[in-house]
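Down below are the structures I want you to see.
Note that chain A is present in both complexes that follow, paired respectively with chain B and with chain C.
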Partner chain A sequence: MVRVKSRYLLCEVNVSESSDLLLLDDRAVAGAVRSAVARMHGDYGAALCSIRFSVKYLNVHNGMVFLRFPKSCFQFLWSALPFITNIESRGQQIPCFLNCLHVGGTIRTCQKFLIRYNTQQLQRILPKCKNAGNTEKDHVCQEILNCLPTRGTKPTYEGGSEFEEDERE
Partner chain B sequence: MAVFMDLNLMFSADRTRISKLLETAAHLGFSTVAINYTFEPTSLLPLQEIPVPKPINELIDQLPVVQGRSRPIRVLNRLTVVVSDPSHYRPNAPEYRRFDLLAVQPTSEKLFHAACMLYDIDIICISVTEKLPFFFKRAPINGAIDRGVVFEVSYSAAIRDSTMRRYTIANAASLTDSCKGKNVILSSAAEKALELRGPYDITNLGLLFGLSDGDAKEAVSSTCRAALLHAETRKTASGIVIRDSDKNATSTCAGDTPAAKRVKTT
Partner chain C sequence: MSASKVKMRDRKMKNQPASVQYSSPSAAAGSSSQNGRQEAKDSGWQRNPPPRTGWVRGYQRDGGGGYMTEMPKYITAGAFARSRAAEVKAMLKAVTKRTGSNHVFQALPKHMRRRAMSHNTKRLPRRLRDVASKMVISANAFSCFSDSSMLRVRSHTLLHQREKSLQAGSKKKKELAKSKSRKARRRHGNLLLEFNRRQRKNIWLETHIWHAKRFHMVKKWGYCLGDRPTCKCYRPCYRAMSSHCLLLDISYYCCIELRGEEDTLLTALSQLTSKETGPTFAAALCLSGCRQGSVTVYRAGQYPSHPLGPVTFLWRPRAEGSASRQLWIWAHPALKQDLLPELQRVCECFEAVVPPVIPVATPAESASTLESEPKPEVSPKAKVTPGGKRKRSRVDAGGPPAKKILGDGTRSPDTPVTWKSSSSGIVINDLTMEMVRYRLVGPQSHSVLTETLEAATDCDEAGQSQASSLWWPQHCRDERKMNLHQQQAEVFNTLKGIYSSGEVPPGTVLGLTVDDPRLTLPAKKVKAMPSVNQSQEADEEKRRQLMLQGVPQLCSQSCLWEQSVRDNVTENKISEQELNRMRSELLVPGSRLSPTPLQGRIPILLVHQPGKQVGNDMSSWGAGWDLLLPKGWGMAFWVPLVYRGVRIAGLHMSLKRSQNQGAPHFPHDYPDCPAGIRFQEEQEAELLDKFKRRPPAKRTNYIKHGCLAPFRCPWQQLVEEWELLTRQRGDGQARSTTKPKEEEMTPQPDHAGTKPQSGFTVVRSRKSLRLLSAWCKLPTSRGQRPGRGGGAPPLQQSAADAFLASHRMSVAWVRLSLLSKGKPELHAMVCAPTPEDLKLLGKRDAGTCPQEPPHRDDFKSKTRRRKKSSKTGAGPLQSSDYPGTEASEPSVDAEPDLVLGVWPDPLPSITSHCSRVTLGWVTEGDFSLSAGCGEALGFVSVAGLLNTLLSQPEEHRGKVLLRNPSSLHYRFAQINIEV
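Moving on, here comes the complex of A and B:
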């Protein structure tokens, strides 16, 4: 059987103020992508965007976005993503940029990559945890140890929000 | 995992800006960056001062660790001389020694030819903020490729403004036509941390500029490394080490220029 194939792009939204991340929602991101593609590639790009493009998942604590594109034109549409300079959400312009981390054929492969990536991030922030609050360090250590033997998704998402809290401090 | 480099981060006196830039670059996965000091001599003021690079520990306290690796980011210094007159570029000037990379931005056909064939530099910048007044010819470009000089296209002007976008793509496409995609590097000329883009995004931008898939990936990784190696050999090759029985080994400037080394990309 012919199967309809898509490409899932895992992107990270980088902002200068981490509190701005909480204002995002998936319709704002979708609107930003569509307008960037329309600006760069005109009517042709806008038409391609309307086929099967959508924002599948958005994590406001981490800034992780899953974007879905049709397989035939995903590189073309991907080339417009670096030109996004801000995302408009709830009347506010949030200056940010999208950094693509991984391209996958299915959501599951992207999720596997995301789990590995989050584990690496936890390990990166471990030395940055302040020594004053030893509980934070223990928390992060606990999350890292949780991630290693199991392959479940639950520890990771908790680890994701933990990561964000520690980043802000 | 390839080593990604961004060889053009604009210098600004603001310390927080530079530290944010370096942190963002490390977060995105760039192992090596170069802080660019632009020097634009005008004929009205001869003997303008060439800027002195600030030592890295003045700019940022601790170098951030690169995403995906265990080493801190490597920061180099680079000088870009915008030449509009042949007298602007002074070969073997002692101030050039303080910089790790040397770049030249020619503004006319003759200067471009001279820069490709004669000047002792590593990078030739292709201007992106204006329509190029001259066309690229195959002969000087092939000469530059043989010598190991790379051509640089910077993309942050394209991100800022729509007219710049057209100039960037036009100039980059005509460069790719003439040089067949070899010896091209893509870098941001980022002044703020939000103007940087990740290496895979830049590879994709390379496809827009006319590079092939392999060339675009090389433009961010191995060609940059080739430029760095070329710079190192350039720095070390233009001197003779004199061993005196009384004194320690000193290096002095040689009168003759060495044969330009061809750096092979692995």
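Moving on, here comes the complex of A and C:
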């Protein structure tokens, strides 16, 4: 109804050297996006990018990024993303590109998509694991079992406990 | 951002995953400072990090600087998978946990949301209710602190938490006590235990459960009684009374049995009554046992002062060859506590007969008390354990299983119920709750009875020959008794042919033995209709005899009088379960049980209740029958009666009945009896309480309406003022209209203090009432029936003075019917009209009626001031160390009941307070459906009444004014005194 609307882009940071990924942080990603937008769209783009753009989430282990853009101009800003070729972080240039997986209206939908995507990925990894005895396969199996989206579980509420925890601080 | 906002945000972000990244000095400075806490707490997946990492989050700067060495050199597929899985977990948590919002209902889809859901947890679906109620409690606890500063909250959090845990503990305990499931609680044995426990305080009638499901119950006189049905049925009940049948359970009436020689009984009882008020206990018809009588009982030898109240009585018909008689006195429970000591005094019965140690007569009581009493002696250690457990252990130990309480459950078994006299040989027996009494009101009540009941069938030869403990086979063996039974059955059958219950002579008593009415229960509710048409010659003759002479004296005998038979019948009642089992074994489903089980013969008594006897219209309205049963059989008769299409009513309707009938209702219309005084006090407290519950701005200001006593009628003050008035008039020989305005100076405080409470009496002498009645009547109406008031002397000053000499301090019970519109209410004032008012009446202008000018409320400002001062006094200090409060408190105490809109206690002169002279008040008023106009019953001072009558012209005799407490309009009414 009446609220500030945004678009959330779920992107994957693809790097050639996977250890590079661990160097990333959210400020670096944001800076890279900003500079790319400024490069492609000039001052106007930079100004748009300064309004409500932010990096909501970054996972350095698999390079998942949530980017938030204002809804009015997200396509405009999105069009600059393919031009990111490297990200400067901690004094290092990390060559990479951003691959947009999902565009959502709320973080929640992005999270939901990410769950689906990750489980899918895990299931795709599983048949490929073969080296080092059975340990890796076991690991993956274990993880798959751990994170199985338990279907049918109701949202849980912990109202009272929440209050208590809050007041304890 | 304010602290609360931070808090809100924290709550919102708690479940959200934070970015997973290695710390860098620059990043730590800015970005994740506010997320730090959540990250540290987050889901625990960082706590088992990938190999060799020890990666730390956000602001943990101690790990900063060495990130290069801490970073893993390679990643394996396992680590990759692990990271994916961990992310999935974090995201899952974020998705499934609701974010931020405090309200459970926000999780519901829109179409399931309801109005005021946050306010009322009952509107939520059941599965969410627990959570919601928990949140409501914690929110309440939180709001206690919200007004104080946040800092204080923080400092008090520990304490607060302890409080909360305490609260939770107490709640849990409460839940534990109620932990038995509903199913377990409703199981038969447990339910019975629960019912028995609840019956200890107030006596339950046998139909209690039936009533409790359908009626508003009130606790009165130590009983739980149905007041009025929950359904809307005021008019249907009236219709039932006037055209069909209305059923009331009046088992709460107390029966006192007197046994002894006829002469000694009569001499003892004659002290309690006076012949002037009508037939006494010795009335010949009643003494023979074929009529029920009613008398007003006074304290021994103190007539006409100190009345106790009305009772009905029933003599047992004489048994041949014994001079001992048996008398039942039925009294209202409010009256019993006064009546019983008086009876004991008169009969000199002070020797209490201690009931036997194991009362065989009341097995139910003994069972329940055996369970409760010897407990401490048997197991002293059981005392320590809580009650519920002890009870269970006792039941397990093989104690008697709980039995249904029949009769009085509140009385302990060793209270004496029997007293005997060594000198006169009279035995008084308290038979309270030993019998069930149902009252059927209405012209068709006899058809309901004849349809429901069936005279008992003889038992066959086999049954007779067997020796059994049941009373009926033994009874059948006696030829004479069987003859009597057949006669009674015949009379009962002729009852069918009667047109209306009012045709039977009032007070007729018919003894009978009937079959179990459950056997003839119709499958569907039917409406009992009269069957008059089957008229044969012989029947006609019998019917006429019944209508003229009543039941032959012989037929009034019943086995219900015998204690042993009553007990036998009560003990051997077939249970409902057993009966249904027998029914299910029938070959043809739904047919009648062919050999009636031997236990199913019950002795009963049918007592005719007279209807309206006084007055000239609607005679015998509300006539009916009373059905007397042995205890334990209440429901067995109740349900079959209900299935005959009767209406059931409660206390409220019985009050309306007596109002329509023009008969005084016991505690209401006996202000001079101790029970009546108690009732008045209760009523005052109740009405005042109700009045005080209204907001002051919405209350009626009775002072402005000139109403001195809206809640209680000060009869004593009224009669004293009128006595003073008449005496002064006698001194001054002023024959013109009274000028009560002169008596403003009447010294109220001293007569309130010195005189005894009930110095006034209600006129009950028949002769005086007849005289008054004749004087009140309009000359035209007297002309119509010249026979009636012929003997009365004409109304003159001398006759009135002579009458007043004997009834100086009396009030008379009158009936007022309004001449125009208007509905009189409780405690409406009866006033004397001025000559100008009567001229107004002559015009017959419908709209005009005299009006009372509004009064001034001098107390209003005083009350306000008092209130304000008390408020300011109480505000800043609670203790009494402030001098101001001490000064103000005594004044508050001096006039504690200064309620806005009600006169404080020492009332000014009542008679002259308004522009019209007050004669009395209404005790019961309503729109009368039978008369079609407003009707009221009330009392007026005899002196005032005579004064008014004397001053009125002939054609307006007996006209008075009626004004409701909350109105300024006077309405004209005609006074009737009916004898």
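Quick note on the criterion: the second predicted complex is superposed on the first by the 147 of 169 C-alpha atoms of A that agree within 3 Å, B and C clash if a C-alpha of one lies under 4 Å from a C-alpha of the other, contacts with A are read in each partner's own complex, and residues count from 1 in each chain.
In this section, a contact is a pair of C-beta atoms (placed from the backbone, for glycine too) under 8 Å apart; a residue touches a chain by one contact, two chains touch by 3 or more.
In this text, all values refer to a predicted model and were calculated from it rather than measured experimentally.
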First (chain B), second (chain C), both or neither touched by A:26: second
Chain touching more of chain A, residue-wise (chain B, chain C): C
Touching partner for A:57 - first (chain B), second (chain C), both, neither: second
First, second, both or neither for A:111, with chain B first and chain C second: second
Partner chain(s) touched by A:3 [first = chain B, second = chain C, both, neither]: neither
Partner chain in contact with A:97 - chain B first, chain C second, else both or neither: first
Residues of chain A at both interfaces, chain B in one complex, chain C in the other: none
Parts of chain B lying in touch with chain A, wherever the complex brings them together: 20, 24, 27-28, 65, 67-68, 155, 158-160, 162, 165, 193-198, 200-202, 204-205, 207-208
Residue ranges of chain A in contact with chain B within the complex: 14, 16, 39-40, 75, 78-79, 81-83, 85, 95-101, 120, 124
Residue ranges of chain A touching chain C (in the complex, touch as defined): 18-19, 22-27, 55, 57-62, 64, 90, 107-108, 111-112, 114-115, 118-119, 121-122, 125, 128-129, 135-136, 139-140, 143-144, 146-147, 149, 153, 155-157, 159-160, 162-164, 166-168
Footprint of chain A on chain C - complex, ascending: 7, 10-11, 14, 16-22, 24, 26-27, 30-31, 50, 67, 71-89, 91-92, 94-98, 102, 104, 107, 128, 131-132, 134-135, 137-139, 142, 153, 157, 160-161, 164
